[in-house]
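Chain lettering (A, B, C, D, E and F) follows the sequence in which the chains are written, and residue indices restart at 1 in each chain.
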Amino acid sequence: MTTPAISRYPVPDLADLSDDIRARMLEVQEKAGFIPNVFLALAHRPDEFRAFFAYHDALMLRDSGLTKAEREMIVVAVAGANDCLYCFIAHGAILRVYAKNPLVADQVGVNYREADITPRQRAMLAFALKVADRSAEIDEDDYAALRSHGFDDEDIWDIGNISAFFCLSNRMANLITLRPNDEFYLLGRVPKPK
Amino acid sequence: MTTPAISRYPVPDLADLSDDIRARMLEVQEKAGFIPNVFLALAHRPDEFRAFFAYHDALMLRDSGLTKAEREMIVVAVAGANDCLYCFIAHGAILRVYAKNPLVADQVGVNYREADITPRQRAMLAFALKVADRSAEIDEDDYAALRSHGFDDEDIWDIGNISAFFCLSNRMANLITLRPNDEFYLLGRVPKPK
Amino acid sequence: MTTPAISRYPVPDLADLSDDIRARMLEVQEKAGFIPNVFLALAHRPDEFRAFFAYHDALMLRDSGLTKAEREMIVVAVAGANDCLYCFIAHGAILRVYAKNPLVADQVGVNYREADITPRQRAMLAFALKVADRSAEIDEDDYAALRSHGFDDEDIWDIGNISAFFCLSNRMANLITLRPNDEFYLLGRVPKPK
Amino acid sequence: MTTPAISRYPVPDLADLSDDIRARMLEVQEKAGFIPNVFLALAHRPDEFRAFFAYHDALMLRDSGLTKAEREMIVVAVAGANDCLYCFIAHGAILRVYAKNPLVADQVGVNYREADITPRQRAMLAFALKVADRSAEIDEDDYAALRSHGFDDEDIWDIGNISAFFCLSNRMANLITLRPNDEFYLLGRVPKPK
Amino acid sequence: MTTPAISRYPVPDLADLSDDIRARMLEVQEKAGFIPNVFLALAHRPDEFRAFFAYHDALMLRDSGLTKAEREMIVVAVAGANDCLYCFIAHGAILRVYAKNPLVADQVGVNYREADITPRQRAMLAFALKVADRSAEIDEDDYAALRSHGFDDEDIWDIGNISAFFCLSNRMANLITLRPNDEFYLLGRVPKPK
Amino acid sequence: MTTPAISRYPVPDLADLSDDIRARMLEVQEKAGFIPNVFLALAHRPDEFRAFFAYHDALMLRDSGLTKAEREMIVVAVAGANDCLYCFIAHGAILRVYAKNPLVADQVGVNYREADITPRQRAMLAFALKVADRSAEIDEDDYAALRSHGFDDEDIWDIGNISAFFCLSNRMANLITLRPNDEFYLLGRVPKPK
């Protein structure tokens, strides 16, 4: 079931995993129908696995001024900037599902300026990409631009921290040549079979 | 005691923190003599604080083929590449202490090619910076180069993940304009007062 | 039927087009089931339309040491490098159809190094991207590397000229904000309905 | 007369060319006094030759809000950005002739900001270079800036398409190491001998 | 005393130097307590030594609208941009001494945007870095921005020429792997011993 | 005679100059037939003028393993990399004269890889451009590559220092918008009139 080809590193058997890690995998499998490879590959390092997903959940599941779809837009745009195949494909799928829009993930991943999104969302992605590419140059003008679109400072923290977290995630995926599950490519492009 | 100037965001009072977070701060204060500002600033988001330091500890405290000084070298070189003042200064201090060398942090942070380090360490830093700057281009040749210096695949994961984690950390520090404690600038440059 | 939103520029009615241009459109519509927007948008300038598609056909339809799928791989990889939404999506669809592979277009467009392609194809794409990004630095070593993978000089011309032609095409699409037809996003991802 | 050194690829004899291609060459030879090497080198691929020059003529000979000298300014500035020796030299000569100005080609090719041109022409070249270097970032502000200098949307298409076409041309010239004819270097620098 | 390790090139004995060069060294030794390695290393080429320090003094000692500490800020910021270890360390020390501030050199060298300096000084450093990184793009707007902070045109020349001179100096130091004296690392960080 | 348009800064009258500076100008005028604008513009700052030309002469007139034409090739290639109009034009002229070759300056300035020069000269220019663009990355391999072409370490110092010096010069010319004398454009392109 798990195959070495999904990562340069050994992928543990579910049977050998700690209970909490296996439980997390079964939970996502229950929901998605399959275990995304990032879970299997990062389980090679259980402590890092736990910290990684704790960080992920703290950002992606918290109450926020950003919708879940908007948070996934950030992930996909940053994956495009970092040429990260895993996150482009896997989070592209999640974005399509959350946004109920089969086109937006590819648009945002390739060139957000031409995506079917609002001006507010474009400003959000411009900032997320500045965090990814030139964070040392962030200044008061960037904050002001986002506030003019109705984002408050907690929203700005969310945008920035999601971008920063996936800058970590993209680099890890590239480091281990993490392979996206085939299922992701089609997810959210066609109506869910009943 | 805590002042707004260490971050763009509100810094909570120690009295208002959860016990586990306050305990972590008091522990580091006990050891270092002061609370590094990254603890105070990230406590604004307790769940992210916990995940951040769990990730940090998983990487920086684990048994590894890399010494603690070598891990801090990676942090400082990556901070230099990302123009991150906080990590350059704070981890520069930690590196000086671990390496018992007052010069190496500045050398590694400005231009690791001219630092007083071994060829093995230079190869380690070259790879760490590739993870930071061009992770999508990592390929089998990079792994082979590191192995020729005696690193095994677990060491390579460590190098890569430390670089990736501080790519997150540097971006967060730049996002919130995190100010290094004044104490860090001198730490490890002069013999510790008795 | 034609809508302004597919281009910043006016899109002519089929009825107003010259016979040769309309014929070309009807031919592709017959085959694809719809008229790709690049035909409609470039028809704003009939002479450039004719030259553009003559150039396209000269490169993409000629007998060549490159398969049609390989030629489309070049197009998609170059579109990714140039952040060109239209070519990424439209030629991604064509690549999926030619390669009979629903995954390869996204792989090649985001990071060809991790695509399910042969080492020869990876060398081909590395060269195509050098033509796109740093053509002034092409030298004898690049030719030698391609020859070692079995490409002859005519193949190398093909790789280079396809990359160069789509550097033109990507820039035009970005200039006029050319919108991909919705149909392309799903094409080649699921078995063709009978 | 034709020598291999003008291209990495074989250069056909005039005698072996199709009539239309030879006629085109003789026409330009009649006018210029010599056959520019781009004609000889591209004749290696007759269909691409025909499409290339059809595209060239559609852009460079059409009625336009841009003078012929202005169109050549775009070509020379783009050649400078792409480090394309052939177009810098050959179109530099043409620009000097059209502008009746022996200095402007070198100025525009090296740094258009210091050239003896109008502010309107500087805005034109700034946009042409954005098309060449960062076309994905073109937005409404760029169009507005050009309109404020009196360019209409058809002029903007011309600027953009000329830049895009020579991004193709520059890459082909670099790919085949196309050598400028010696005659171009001096053309337009001294009064034409009678 | 002088050791080969401070430069890739031979370092002359003081005894073998021309009187004027030796006198200059003894003068700086008298003041600083040691001879900075740049003097020893550049003495390998006496004529270049003389011109280098004549240029240095003309810029750094002249009456100017910039304080000496401000001039050293430019040097340190440019050294950071050029990854020049020697100038980062040596001029960082001089800046700390002139500014009587143990923190400012590291701040300016790593990321001037977060340094404890005035908005006027930040504008000065932004311009100095534009001279270092993109001098061809300097235009009237840059001059206007500096004038709005109270700099006159002679000050702007000073900022630009100091940046340009250390672009030379940084490249020479990198070329010869010039090693900073160990003394510089601590200078200006602790009160001078009496 | 001297006009403000050659520099953003005031250009002094010859009558007001110190004797040594005026003498230098008259000497070059005697030889060249005109006073190159760099002399006039830099005379605005006499001490910097003296140091600049002392440095220039130390590098460009010394006995060296590099011919004078080779030294000018470095200058022109670096001017191309820095988009410096003055040095591209003025030193292009000097290169044509020294090399007795009307083509080589434009070739080297636009793309040295396609210039009519020896492999040894191409290696020299590759290194000069590395000094100009990425001096922090210079390492032992660069030295070895040059030695394999017969350069000794003093030659390498010359190559590097000439590149570094004109990195200063290019930035100053760009800073003050230094205008090349019209005479330079044609110099060395046609046989000298008797």
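Just so we're on the same page, a contact is a pair of C-beta atoms (placed from the backbone, for glycine too) under 8 Å apart; a residue touches a chain by one contact, two chains touch by 3 or more.
All of these numbers come straight from a predicted model, not from anything done at the bench.
Among the remaining chains, those touching chain A and also chain F are B, C, D, E. Set against the C-alpha centre of chain B, every other chain centre is closer than that of D. Its C-alpha atoms fitted onto chain F, chain C is found rotated by 120°, rounded in steps of 5. Separation between the centroids of chain A and chain E, computed from CA atoms only, is 44 Å. Computed from the mean C-alpha positions, the centre of chain A lies at a distance of 24 Å from the centre of chain B. Residue positions of chain F with contacts to 2 or more other chains are 83-84, 111, 136, 174.
This structure has the following touching chain pairs: A-B, A-C, A-D, A-E, B-C, B-E, B-F, C-D, C-F, D-E, D-F, E-F.
By the touch criterion stated above, chain B contacts chain F in their complex at residues 111, 113. Residue ranges of chain F in contact with chain E, taken from their complex: 8-9, 44-45, 47-48, 50-52, 54-55, 57-59, 62, 82-84, 131-132, 135-136, 138, 143, 153, 156-157, 160-161, 163-165, 167-172, 174-176. Per the touch definition, chain F reaches chain B in the complex via residues 136-137, 139.
Looking at the complex, you find that chain E touches chain B at residues 79-80, 83-85, 88-89, 102-103, 106-107, 109-111, 114, 174, 177, 179, 182, 185-186, 189-190.
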